[in-house]
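Let me give you the structure first, and then I'll get to my questions.
Here the chain labels run A, B, C, D and E in written order, and each chain numbers its own residues starting at 1.
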Amino acid sequence: MPKLIKKISKKSGLPPGTLEYTGEKISRKVKITVIDYNEKNFQMKEVSKIDQELINLEKSTVRWINVDNISLKDIVEEIGNQFELHPLLLEDVMNPEQRPKVDDFERYLFITIKMLNWDQEKREILSEQVSLILGPNYVISFQERELDMFDPILERLKTRKGQIRKMGSDYLTYTLIDYIIDNYFIILENIGDIIEDMEEELITNPSPVTLQSIHNLKREIITLRKSVWPLREVINKLQRIEVPIIKNTTKIYMRDVYDHTIQIIDTIESYRDIISGMLDIYLSSISNKMNEIMKVLTIISTIFIPLTFLAGVYGMNFKYMPEIESTLGYPLIWLIMVIITVIMIIFFKKKNWL
Amino acid sequence: MPKLIKKISKKSGLPPGTLEYTGEKISRKVKITVIDYNEKNFQMKEVSKIDQELINLEKSTVRWINVDNISLKDIVEEIGNQFELHPLLLEDVMNPEQRPKVDDFERYLFITIKMLNWDQEKREILSEQVSLILGPNYVISFQERELDMFDPILERLKTRKGQIRKMGSDYLTYTLIDYIIDNYFIILENIGDIIEDMEEELITNPSPVTLQSIHNLKREIITLRKSVWPLREVINKLQRIEVPIIKNTTKIYMRDVYDHTIQIIDTIESYRDIISGMLDIYLSSISNKMNEIMKVLTIISTIFIPLTFLAGVYGMNFKYMPEIESTLGYPLIWLIMVIITVIMIIFFKKKNWL
Amino acid sequence: MPKLIKKISKKSGLPPGTLEYTGEKISRKVKITVIDYNEKNFQMKEVSKIDQELINLEKSTVRWINVDNISLKDIVEEIGNQFELHPLLLEDVMNPEQRPKVDDFERYLFITIKMLNWDQEKREILSEQVSLILGPNYVISFQERELDMFDPILERLKTRKGQIRKMGSDYLTYTLIDYIIDNYFIILENIGDIIEDMEEELITNPSPVTLQSIHNLKREIITLRKSVWPLREVINKLQRIEVPIIKNTTKIYMRDVYDHTIQIIDTIESYRDIISGMLDIYLSSISNKMNEIMKVLTIISTIFIPLTFLAGVYGMNFKYMPEIESTLGYPLIWLIMVIITVIMIIFFKKKNWL
Amino acid sequence: MPKLIKKISKKSGLPPGTLEYTGEKISRKVKITVIDYNEKNFQMKEVSKIDQELINLEKSTVRWINVDNISLKDIVEEIGNQFELHPLLLEDVMNPEQRPKVDDFERYLFITIKMLNWDQEKREILSEQVSLILGPNYVISFQERELDMFDPILERLKTRKGQIRKMGSDYLTYTLIDYIIDNYFIILENIGDIIEDMEEELITNPSPVTLQSIHNLKREIITLRKSVWPLREVINKLQRIEVPIIKNTTKIYMRDVYDHTIQIIDTIESYRDIISGMLDIYLSSISNKMNEIMKVLTIISTIFIPLTFLAGVYGMNFKYMPEIESTLGYPLIWLIMVIITVIMIIFFKKKNWL
Amino acid sequence: MPKLIKKISKKSGLPPGTLEYTGEKISRKVKITVIDYNEKNFQMKEVSKIDQELINLEKSTVRWINVDNISLKDIVEEIGNQFELHPLLLEDVMNPEQRPKVDDFERYLFITIKMLNWDQEKREILSEQVSLILGPNYVISFQERELDMFDPILERLKTRKGQIRKMGSDYLTYTLIDYIIDNYFIILENIGDIIEDMEEELITNPSPVTLQSIHNLKREIITLRKSVWPLREVINKLQRIEVPIIKNTTKIYMRDVYDHTIQIIDTIESYRDIISGMLDIYLSSISNKMNEIMKVLTIISTIFIPLTFLAGVYGMNFKYMPEIESTLGYPLIWLIMVIITVIMIIFFKKKNWL
């Protein structure tokens, strides 16, 4: 299970804007990809160094810079210097525990959201932070972990699929966000499948393991909600914000993403309801089991305790016991015992215990 | 039980506006019905092909185009081209998992809501998506499944019942929405009946099956809520929106539909309260049953265990046991046993166990 | 118990404004009362027919028309025609399942609220719909059932009690609403009494019947909430609405009614809290009972099972058992048994079970 | 326990503004205190009659009239006449079940709040209604019960403590409200103490009495909330209202009272959370107790039932039983029994039951 | 555990603005630190007396006065006099139970928040009140307890780390608030660790102690929420307030603190969810344990009760019992007993109890 909250306290007391990576260590080399495109041209190269060339932007071209490692202070700082980004923004980029948000810095927008992937093996959500800086004709994206995450979008850019090459940096930003949020549906489908499996299990064979699974699922949902609820605000702001960087034609697309976000939230809330219902079923299935055990115990005891008492009576050693002397005594006592048993069974039938 | 969330992930990564049907496969042929009417005339025909003639609208006539199959990309695309509809809208039409919403595209409004029907046999809700495009003098409706769903409205159009033939396309849209929402009341009545049956059952004969039914009902209500809550927003927007397409006279009717929606939501919330109360009753009826079982067990044990002990005492083989020698020993021990039993019964009466 | 939702589905598919009574059948004759009054004069007559004379209103007089049966289509329709009322309004008048609301039709206001009465015998709420149409100098009221409901107000009009005769139609409307809402307090008092009785019962003698009563009470509260919550909105709107029909002096009175409504809502919410607390008490009182039963069983078993074992040992038939031969054997075994019992009782005292 | 809702239904049907006292009967004589003060002078007298002299106010002086009995219609009515107060206001003064509120009547403000006192003996809240009428240079206060409630403020006025003598009627009103709300903290402290006592009791010695106490406490909190939540609105309105009667310098003080109110609400909500947690602890402590009882029963039964069976076997009277003849039979059987017991105890140790 | 509410009632009845320390007694001497700094200079001294020199501020310098003891009336009063602070503000400074808030007094802002520290030993939160007065070029801070709390910030001022020396008094205030809120994350991490430990414990070895820990944790969270929720409002107000004291460049930093606050609130709410889930697990683990105990009891009883009955039968002393005479009787009865036992075990296997 993932840690509830990751260590970020080491930063406490440092001045704001101090760049320090606070996530888990990443040892891999950084890959910086620079893509320039407009309707006619498409160019892509990898650079290892941030220099002034990076900000020589042509007006008619959109430049997308993707950095796939946020743990390197020098890289982030240098990009900040070249594009004159606010130090607090850079601090947020390097803190993988950031809450999804959008900040308006006038010359550019800063967006940070969570990319979620489903780990099929461990059956849990992998969360990764993506930060986007949207300028008039550039987009800078920072990823935490995955290398080739945005490949489908690169493919679209290369092959001119859709209208992406005709549109500006705001449309590219939309495309990236849309892609990330589409992935949430995959998570939801996987969780939906688990829920249905577990409902099956609850009915056929509930066990303490089932309870543990319900609890884990609940925590997974809590994590998911923490990523998705702020998203609603983020996308809504992007859809309504009045800045020249985001054109009105793009806002219609943002509205579409907003609808998806609401749908995701709706589904999460439904899941919560269903899971809390499963707990009730679990608890009452335990009670039912106990009832069944009690019934067996009671039936056995209620039938045999009186019979044993009778046997005890005629095992007493009193000198004067007339029944004992009679030849009919023994068969008669058996008869009495059978009658008692039959009465008991009728009683249980009436009580619906048999 | 219906799937919690249907597979829509296959679309992830594709450009927005890509038309692809994401619902269950539909193999039946498409039926496109074109209806033209005004106060004096009424004309209805079926077409198999979308051509330019479709958009040759007369000012004085309302045209209603109904498409009863949303899985065919070509049809949807062609209609989009003819009426110059936004690609995102067409994408939404073909996605049967859309959340109810209304989008304002200036020249036309796009409305998508759920048509709900009650499957009497399986005792569950059948949900179908209906998309409406409302233009100045045309309405395009897309249905997912049912063939003759809107027959009563067609009938009204043909027979001039009510004022529908005198009014414009906005009134037709209102009529369709009103008709769909009226169906929700049928669902609510059916669920109300089930609830009352189940309350009866809870009192007379609760069983694990009852619990399962409560859980299923709860899920049905969750599905229902997901369809109805966004509706509130949709109808409210239609009632307040300031566009020339919707006239003020029609808005009074929209207000009426809004009232119905609120009433439906109120009823759903009441059902939720009642169902959660049923669970409490179920749980405490299980506890009561257990109590009753325990009582029987305790009464039997408490009476016979001491008696059996006594019998055991006089079954001991000690050489020197004066009681055993006496002729009165045996009747006396019976007397003692009867006295013990009577005391026990009085004790149970006092405890209210008998 | 009242039906959760009454059949209104028969109307589905009909054009809006279609007049059809959807409530339970009412066979009694209609009584239409027409009252004209101003500061000096008061006149009251019963009419059986709606004709044009009804709308010949003098400016200086207030006319109150009360119709005590909403099931007759002709009457409602004719009144609608004479006063030029909107067809949707008339439809709402004839639908006794309407949610409380106020609609502004410019020339007049339409208000519909629930009159609640307490059925002392069945201990349940009787709900009846009252619709009010407030014009510049007339008020039309439609009742569902009760004949002489508004008698106290008639009395006030006749006897000039208070200032009612000096004021306009808006004040009459206020008086009617105030009267209806005052009745809610009677309902609340009755429910409050039942709650207190039940709390008494819960402590002294809880039984499954108590649980059933709690559940019924809960449903009664749910019904009550459904009537009262929308009322808040209704009265608030009446208090703030900017229309010439409602004068500012009357709005101060509306504010007073609004305060009452809030107080009613507060009380209902308190009741909900208390009732849900009663359920908790019920459940734990069941658990306590079970505990007590278990204690008795355990005490009896724990004392006698070891003693019975001892008796069993000396009932064995082994040839060589030295204790058996001794004269002291029998008294000694009794002594041991007494010692065991005393130890047990001390143990139970320590456990606080005795 | 206090009644949930007091009888106010006797008023139903009467015209608004009808003065009738609806609380419990008060037999004590009324005391009307008239206090005039400004920075230099202070005068206090008791009057028994309301006459016109009462409204001869000097501009430079603040007059405070305190009436300590709200059940006398004549007094209230006469004050209403002299100060030209609205009849609805007077009705509210005489209704001790009023919800806290502030009404703006332009020439004066009407404020009604609850004075709460803690009855140390019965451990419950005593609620009393206080109504304040704030005019430009007068304050009229109506108390329900307590005679010398406002003594500390009188003292302050007499001794010029603080700045009260320098300020106007609005500051006096603030002082009264502040004093009343300060008393709420005493209530909260007392309830806090009870909660801590009960938590102690829950852990050391839970019993059905504890449950009853939790329920009573919960009801006390419900009563408290009903008094305090509307207060928030009241004070907020007083802090923001734009009327000449309340000066801006006084509003800063109102803001301070507002902060206190919020703090009281926060504490009440915390208490609710804690109390609902106590119920959970109670329920699981009952379950724990049951578990312990079951363990004792099971240990005793599990050890002795097999032993008793063995004893029974060798108590059988079969002619041919070789073990019985042997001299070693009896000691051997004891050995077997000891071994069985030891195995059982090891088993229980492993299960953690001993 | 900390007291739920501290005694503040001793103040009730006193005039507002009366300075009286209401917290726990502090016996330590006060330390007043005065720091003057601008970009070039830094000066720090300790004073023991408040005199007029304190308010001789140079325009180009920021003065920070830190008082580390709020229990001394003279000090607080003298500072109030020198800086002409409102008496209510001074009262709030001396009341350590203040709710976090920001008050705008035009010439200066008054901010009061909670400094939280984690007591590693007692595993509980230590709360301390910090009050800040932000003037155009001065900041006055009052601490409740800790001596060297703000050392890291002093260090930054001395060593010119970050841009703090270049900025005004508003940035210093931001720095202090940011530092305090960064400490909240440490609290959250500690609580997160405890939660994870307890989840481990719940699964491996739940006990009544675990329940007590859950309850304590819940109370800790309640305390935390009471400190953090109002903070949201405070920081939001600081971020949006339109006063010349707070510059726009500083507001961007406030926005960053606001994000942190929201993140803290999110985490607290997640914790609440998880803890309430733990209670469910605890309760059902108790039920599971009871089930297991019941199973053992039932298996033992169900096997041995019938066998004991059989032994009892052949312990009867009837003269005529043919089985007894036979040599095969005894081995046969053993055979029957073994068969019964085997059948029982198969039955339990089928029931899944073994």
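One rule holds in what follows: a residue touches a chain if its C-beta (ideal position, glycine included) is under 8 Å from a C-beta of that chain, and two chains touch if they have at least 3 such contacts.
The model shown is predicted, which means the values in this text are computed figures rather than measured ones.
Asker: According to the touch definition, list the chains common to the neighbour sets of subunit B and subunit D.
Answerer: C
Asker: Roughly how big is the turn, in degrees to the nearest 5, that lines up subunit A with subunit D by CA atoms?
Answerer: 145
Asker: Where the CA atoms of subunit A average out and where those of subunit B average out, how many Å apart are those spots?
Answerer: One centre to the other, that is 26 Å.
Asker: Averaging only over C-alpha atoms, locate the centres of subunit C and subunit E and give their separation in whole Å.
Answerer: Centres of subunit C and subunit E (C-alpha means) sit 42 Å apart.
Asker: Can you tell me which residues of subunit C touch two or more of the remaining chains?
Answerer: 283, 287, 290, 294, 297, 301, 305, 308, 312, 315-317, 321
Asker: Counting contacts the way the document defines them, list the chains around the ring, subunit A then subunit E and the rest.
Answerer: With subunit A as the starting chain and subunit E following, the sequence is A, E, D, C, B.
Asker: Which of the residues in subunit A come into contact with subunit B in the complex?
Answerer: Against subunit B, subunit A makes touches at 152-153, 156, 161-164, 174-175, 178-179, 182-183, 185-186, 188-189, 192, 195-196, 203, 252-253, 255-256, 259, 262-263, 266-267, 270-271, 273-274, 277, 280-281, 283-285, 287-288, 290-291, 294-295, 297-298, 301-302, 305-306, 308-309, 312-313, 315-321, 351, 353.
Asker: Residues of subunit E touching subunit D in their complex?
Answerer: 3-5, 7-9, 11-18, 86, 88, 92, 97-99, 101, 103, 105, 208, 211-212, 215, 218-219, 222-223, 226, 230, 279, 282-283, 286-287, 289-290, 292-294, 296-297, 300-301, 304-305, 307-308, 311-312, 314-317, 321, 323-327, 329-330, 333
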